[in-house]
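Supplied in structure tokens, the structure appears directly below.
In order of appearance the chains are A, B, C and D, and numbering begins at 1 in each one.
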């Protein structure tokens, strides 16, 4: 621990960051149905930790608190780069939180609830004469396609999680490593776990709010039953490839572990093939995870693609672009919702 | 009804002088004397002419109406019914009395204006003088034309102001400014009474308008108050008379008039001889109905007048300053007028007022001419033998002297005779002999008058000259001064003839003319013939007295010039007393002035003003400062203190709001 | 002792401790953290009462925005430990007793009145969030609009205050 | 079920603590925080009352609405107040209220 730091806060910061970002996962529902087979003597287990009426709000509340981790870390380090990093992050997160919240209101209006699972349910079914799934991103029924809302939300979310191109709090080129310059070992790790966890949370939110959550993109008609085998179709080849790749791995350790993992994956795929009940149950989580995976991929993709914004640009985007646009989106959506209600 | 171009617009008469005063006062400073003259003279002259016209119209009007002409021009003060409908209008009225007064004022005033142009020619503040003089004319006319007491009082105060300004005309001379102040203050005392009288009358009769008031008095049915009864009439009359004594220099308030001689001689002539000082007489005459309702008042007036007459005459005996002699003679003559009023011979009083205006103005003007000739010398002991050098002045003055001394057929004789007759016959029915005493004193006064007047003449114009030929170059005055003298001389001669027929059994036309106002009282219990013979006898006696005075003066001051000094020695105390005017000024100084000064100095100033008033004000200021000092500390700008205060406030608010809830709890706690 | 009571006492203790530490802490940051604790505890109490929405807003606005601003400012001004000046004698000596008296009075009156107005039958009915918005946009629409104006003004004021004058 | 009085007493205590903080802290920012604390105390009592009050048409949310308004006001207040604080700190180089006593900026 570096000298001259405020010990309590210095230690508190990473804990705060991690706990909060993990806690935010608590309200995310991964599937509609509880586990088919009972545990602990008849206790049925849902695919979420809690599913309150105001789930979305709670999510925002927790993510809002997340900023303290970074800010306090920056301050407690008693060093100028972290301090600057902390300053930036707190300013940035406060500013983007507005856009974040605003861009979601459209969805809430359409679903008429804060409860995440109900939001997802509201997106089941088809829109545009059954051509497309009724995801908020494109759905016309109940409101207005949240395309704009989605872009605002995703941009704001990236900024909220301090990822490229909004990662000024840890801009290597300017502030050595930003708020966690003075951190090392597991405290440092905590920060990173926290960051990636919040990435996951945000991706899950994107999927849930705009991309129909666990709803599969395909219609539920018997004709499209075959799509239910997609999980195994993806898993089995992947597992086999892992085994193959593992066998000719450089290190002995790899040669031992990778085939095992591969075989496990393959086994899961096979099990899904073998037991339709389980397969049916797995559908929803599968799609949700798939979407989350896509957004995580998107995260890394943008990171590899885009350069970092200047601080003033960051602020301008936040206040002068995202916020007005999202508000406009809210207004338009509200109008449409009213119109639909009138019909 | 004949058309009345002026009468309908009576306000023109006073307004003209006011105009003159304003113009001269505002622009006169830059103007040469000529223009100032033109303005002042035209103002006065025109007002004189309009007065004549007004009188003519009034007489025509009176032919038909047989009542005073009265016109309300505008409301000055009007309080609604809440305040008893107190109305004071700018109302002017014209009746016989007013006619006399207006003519005297404007006429004599005009003459004196002319005279002044010559007399003041070489004085500084020429325009100022005429502005003041015109102002005086204005107020005097208001006074005599006013149709109610309040407006009259305005004029009353106005002439007081004018007289103050003019007495103090040479305000660089301390004596002059002092005299001015003295006149003003002494007059205030009288005015105080005057106002009280007005208040009383309003309180009683709810009006101050002459016609209404007197009508009310007449039909109020209140009995005339006999001797010693102090009813409304007595008190009111005496209060008014108090004002009159102030203005007309009667005992005990006469002291200002002699000093007023500090002013320029024309002023003395106009204001302090002819017009203003007679205002008191005018007021008494104007309110004669009140006085007639109170025997006490009348007696008081008569006694005061009589006493003043004698008193002033005695002082006049020994004065050496020519103007002062005249001043005292004025006081004494005014005493005569009041005597007349007191014996209910108002007509005679007004008559004497007129004639006196003529010859006393003439005397003053002539004296002024003498002083002018002597180059400012006023002490008769340094004159003598001027008769040959300034003939016109001499003759005019002689005429005036004879007139005032009361030799027939000059004006003074008739008026004085009327007064004495009135005095002698006053208590015809009531068998008392107070009237005879008054008569005796009046007679004595007449004797003294003729004595000191001729003393004045002899000292001034006869005997060997007692001045240094080389220093004083005696010269006759310009005709601008002599003209008025001549005119006044003529008036002094003929002025009394209107009353002449009384002597040979005819009617006294003047009294007749005034009779509509003063219910002509032939209250002498004697028959027509007896009255006539008595009148003749009295006249003879009066003439004898005057002659005696003349002879004494002649013997003392021409035959045996050494004698007066011997007398002075042998009668040292008397002489001294007279010379020092009975030490009245000293008496007043001792009894009134010094105590007042002492009180003002030690009590009013050092205690009341400094301690109480300033003390209070400064105390308040210092208190505020002190409190501010204390309170300022709370405004420390320290937010924490403020916060604490807020907490205190919150506590108070809670306690007040929830007192009902809290009281039982407190009870529980205490139990 | 029922579960809600236990929760209540835990949260209440948390809140009170946080408030006390807000007073006792020397460094503003620590005070801020204590205050955050208080607020979170209060949010918990709101949940316990059944005011979900208020609880969420409490966290989002107070915890997520206002307190962040505070921390931000503290960091910006690099505020150190406060110097213990005592220029205000009044506050030094009169502050504590007065504050205690105020607390006592408040507690007394509020409990009295609370007892008088509260009725247990309807107590604790959980209010769905939808109704709040309904009320907010019907009964309380004018105050609501007014608050929007208030915020607008506040934004402008903050801008005017915080901008450095162009030289 | 927690009696309403508990909440009220708690809010009173919190308010009192806020007052104490207000009076005894010198740092402007801390004082500001103590104000927020007092507001929160009041909010708590509001919510408690809203739960305890007899319900009008199903639920009685007036108290909670009030709380929302209070929070909005608090937010505005924080924005402006912190701006003022920044300005003051710039001009005075001190955050101690006892040193900022000129009654002007």
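Please note the rule applied: a contact is a pair of C-beta atoms (placed from the backbone, for glycine too) under 8 Å apart; a residue touches a chain by one contact, two chains touch by 3 or more.
Keep in mind that what you see is a predicted model, and the values were worked out from it rather than measured.
Engineer: Name the chain with the Cα centroid closest to the overall protein Cα centroid.
Structural biologist: Chain nearest the centroid of all protein C-alpha atoms: D.
Engineer: Which integer distance in Å separates the CA centroid of chain B from that of chain C?
Structural biologist: The answer is 91 Å.
Engineer: Averaging over Cα atoms per chain, report the distance between chain A and chain C in Å.
Structural biologist: 31
Engineer: Just curious, how far off is chain B from chain A if you go by their C-alpha centres, in Å?
Structural biologist: Roughly 116 Å, centre to centre.
Engineer: Starting from the mean Cα coordinates of chain C and chain D, work out the distance between those two points in Å.
Structural biologist: 5
Engineer: Would you pick out the residues of chain C that each touch at least 2 other chains?
Structural biologist: Counting only residues that touch two or more other chains, chain C contributes 53, 57, 65, 69, 74, 76, 87-88, 91, 95, 98-99, 102, 106, 128.
Engineer: Could you say which residues in chain D touch two or more other chains, in rising order?
Structural biologist: 19, 23-24, 26, 98, 101
Engineer: Indicate the residues of chain A shared as contacts by at least two other chains.
Structural biologist: Not one residue in chain A touches at least two other chains.
Engineer: Just spell out which pairs of chains touch, all of them.
Structural biologist: So, checking each combination of chains, I get A-C, B-C, B-D, C-D as the touching pairs.
Engineer: Within the complex, which stretch of chain B touches chain C?
Structural biologist: Its residues touching chain C are 636, 638, 640-641, 643-645, 647-648, 650-651, 654-655, 657-658, 661-662, 665.
Engineer: Help me check something: in the complex, which residues belonging to chain A touch chain C?
Structural biologist: 6, 8-9, 12, 52-54, 57-58, 60-62, 64-65, 67-68, 71-72, 74-75, 83, 86-87, 90-91, 93-94, 97, 101, 112, 114
Engineer: Any idea which chain D residues touch chain B in the complex?
Structural biologist: Touching chain B from chain D are residues 19, 22-24, 26, 31, 97-98, 100-103.
Engineer: Would you mind writing out the residues of chain C in touch with chain A in their complex?
Structural biologist: 27, 29-30, 33, 36, 40, 43, 52-53, 56-57, 59-60, 63-65, 68-69, 71-72, 74-76, 128-130
Engineer: Under the stated contact criterion, what part of chain C meets chain D in this complex?
Structural biologist: Spelled out, the residues of chain C in touch with chain D are 2, 4-5, 8, 12, 15-16, 19-20, 22-23, 28, 31-32, 35, 38-39, 42, 45-46, 48-51, 53-54, 57-58, 61-62, 65-66, 69-70, 73-74, 76-77, 79, 82-88, 91, 95-96, 98-100, 102-103, 106-107, 110-111, 114-115, 117-125, 127-128, 131-132, 135-136, 140, 143, 147, 150-151, 153-155, 157-162.
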